[in-house]
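Each chain carries a letter (A, B and C) given by its place in the written order, and its residues are counted from 1.
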Amino acid sequence: MIAFLQQVISGAAVGIVYALVALGFVMVHKSTQIFNFAQGELMMLGAFAAYTFIILFGLPFWLGAILAIASVAVFGAVLDRLLLRRMVGTKPFTIFMLTVGIGFCIRSIVMLVPMWGTDTYSLPSPLQGRIFSFGGLIISADHAVILATAALVTTALFLFFRFTRLGLAMRAIAQNPLAASYLGVRVDSLFSIVWALSAAAAALAGVMLAPLSFVHADMGQIGLKAIPAAVLGGFDSLPGAIVGGMIIGIVESLAGFYCPEGVKDVAAYVVLLLVLAVKPRGLFGHPDVKKV
Amino acid sequence: MSKKSELVTGVRDLTLAGLLGRQRPVAIALLVALAVVPCFHSGYWLSQLTFVAIYAIAGFGLQILLGFAGQVSLGQAAFLASGAYVSAYVERIGLGAPLGFAAAIFLTAGLGLLVALPALRMAGLYLAIATMSFGFIVEEVMARWTSVTGGNAGIAIPAIKLGSLSLGQPWQIYYLSWALALVVLLISANLLRTPIGRAMLAIRDSEIAARSSGIRVSRIKAVAFGLSAAFAGLAGALYSHAIGFISPDQFTIAMSLDLLVMILIGGLGTLRGVLLGAVFLVVSPELFQQLIGLFTSGNTEVAGLRPLLFGVSLIFVLLFQPDGIDAMVTRIGEWVAGPAAGGKR
Amino acid sequence: MALLEINDLSLQFGGLKAVDGVSFSVKENEILAIIGPNGAGKTTVFNAVSRIYRPSHGSIRFAGEELTRLRSDQLPRLGLARTFQNIELFAGTTVLSNILLGCHVHRRTGLIAELLFLPSARRQEIAFRAQVEELVDLLDLGAYLHTEITSLPYGVRKTVELARALAIRPRLLLLDEPSSGLNVEETAHVGELIGRIRDSFRTAVAMVEHDMSLVNGVSDRVVALDAGRVVAEGSPDEIRNNDAVKSAYLGVT
């Protein structure tokens, strides 16, 4: 039983990482109908940025992390302004392929930057090694911080969307950008903010993941596992993304413990296919109704 | 009042010559060039051109599924893996290469039909995600099913044996690959001039209108999946012989993405675009490395150049030339033929 | 014997009864117009007949078959074709390709014959194109044959959709607002076209229409709907003078 709970908790911590990346997927998709295939690469960029600030520049962990998240957020907004803005009105598939291209570029730039390259780096967190123990259950301080941060971030986002004018405006453009713009909402700037927030979420995920799984150019693939998380939660629901991420993380962890070798690596995708087999438009999807 | 003869007998695509149209001289020249390459090159460029043919075959499959029928697939690598491992297995147990290739084609087609079953109800985003997941799962299965696939260590692929004949020479694989590529090209072209291909295009553009014209959408989609998987399986079998060694880490999402990038840069929806895209995919990384090597001293084997090249090219094409290299070639052709043609068609 | 028989058809969207106990029929070779103010349920009836909507009650019989048991892609084979209010064309291909798609129901070749372009497939293609040529001449689309749909003007697109429906060689053609978006001359041309279609192809036509000049000019019979119910049925003259129809349009009781 203890072992089971242990797996659940460490799975939940990894699940938070997926949840944050999934949050980014959903934020962008909800507002712009774009499926950002480069989300995982943004997470990797966040990890590398944190590595640079903390290890290479020697800044304190918390400061480096915040700078990393901020710089990737700016990068996300710049991506929107420079590239994605031009694709307004084109087919979703075309924009999706653009994000594939962006992902390629981000990955290649990381590999080409002399300080980074294709090596694997370790980015230890300041709480490395410390553990909390609750009657037989061992939680590493890293995991505890991840869970706590997630709770904070979720609450902050919830309050933001519910009670601030900016949050309200973002919900408006998600539902009906044209109407929102008629009402005076600056839709363009808001799209950039959505991309910035989404990139920030990915970067935060990267910062949290780095101590656990090291920093390397192929980290983006881990981000792809957030896609099952997003689909599980319903691709247009923010709380759903968090729940979906946790579920995927926990399922993975349990699969690693109880199932034969290799199942853990694809557990997320198996869950996804099972969900889609039953509900081809995601857990909470609506069928496309076209009026003729 | 249109001339009676103009429509029926003048319809271009009912003959092979008509299909090629004004491109006929260029096509013939290219065919001749392809045929004599082995007389001049035997090493690197011969194998590069072999891979152009192999990727073109897989590309025709993806074009049928995505460019014609509008179904997004991020998991084509799984079908190539299936073709490679099936043919390797059949040959290993002594049943010979022709059967190996046939098995690769038909079993992979069956796999494609299996995938089609749930895929019929999915569209766009979810279909892409589902096929991507399928790709990851197949990759893992290949790694774990060691009795058949040899697991992560991979397996060596011996030369093709036809009776006492051994087709292990690079030039033999080259001719085989191109012969098959041309057959696949012809079949794909036949799709476009018959009801089944038109039905696929219809489904891509408007499922409602397709249904109201009597098209059984599920059936046509299934054909698209099966055909695309069959071609990918054939490509996989050829690939294994061209490389001589296969392992699960060759058939990853990277390969699926490469194929996608290939037909997008080449030209979505066109057959010529597949060939152009395959040339781009195989040849440009090498050229790019050489180019960079001119500026950086010596070290040209830099990881990260390939994704940079593909990423930038893809973004460029999508922003400025969404119809791909194919559209550029058409424009060049019109410009060249302009003064001589002296008027429209 | 009626070609299309609609009996007590009802369709509900949530709490709203869009169609409530509608019954009428279309005879062989006749041109029937369905009129009524906006929201009367005219297009909904069409959508029920072409199996895009599922009726909650009632029967639709076409040439002896009960349509409510069939899928929309099974109707063309029975001889039922339709056009759409918002024009549903295949935007990525040429006019010729669009019209050729109407021939799909007449397909006799299998997958292998088509993949290998066997002589049977070639012969079928030639036959199809001859069929299409007849329609192209009738509808004057020769100049646009190899043009992509996206660059065509609205009126031409409507004609292409009509050609595609006719390529099915239907016994009954459902036209959803054939004159919408067209000017007076184009509308008159459409009226003449509908008459010619009925005469040369012996195709019955049922059309949802708002343009009364077209209705009066070419229809044999008119059915008037209001709020999901049939309020009148008869010749164009009878309908023109019918009180129920007048009150439906003008709100005069």
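One rule holds for everything that comes next: a contact is a pair of C-beta atoms (placed from the backbone, for glycine too) under 8 Å apart; a residue touches a chain by one contact, two chains touch by 3 or more.
It should be emphasised that the depicted structure is a prediction, and the values quoted were computed from it without experimental measurement.
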item: Chain closest to the assembly centre - both centres taken as Cα means; value: B
item: Most remote chain, CA-based centroid, reference being subunit A; value: C
item: Computed distance of Cα centres, subunit C from subunit A, in Å; value: 50
item: Rounded Å distance between subunit A and subunit B, as computed from the means of their C-alpha atoms; value: 33
item: Inter-centroid spacing, subunit C versus subunit B (mean Cα positions, whole Å); value: 41
item: Residues of subunit A touching at least two other chains; value: 292
item: Residue numbers of subunit B (touch at least two other chains); value: 208
item: Sites on subunit C at which at least two other chains make contact; value: 52, 84, 88
item: Subunit B residues within the subunit C interface of the complex; value: 1-2, 4, 7-8, 11, 14, 187, 190-191, 193-199, 201-202, 204-206, 208-217, 223, 269, 345
item: Subunit A residues touching subunit B - in the complex, by the definition given at the top; value: 35, 83, 86-87, 90, 92-94, 96-98, 100-112, 117-118, 217, 221, 224, 227-228, 231, 235, 260-262, 265-266, 269-270, 272-273, 276-277, 280-282, 285, 288, 290, 292
item: Residue ranges of subunit C in contact with subunit B within the complex; value: 50, 52, 71-77, 81-82, 84, 88-93, 97, 100-105, 107, 109, 111, 114-117, 121-122, 124-126, 129-130, 132-133, 136-137, 142, 145-146, 164, 168
item: List of subunit B residues in touch with subunit A within their complex; value: 72, 118, 121-126, 128-130, 132-134, 136-137, 140, 143-144, 208, 253, 257, 260-261, 264, 302-308, 310-315, 318-319, 322
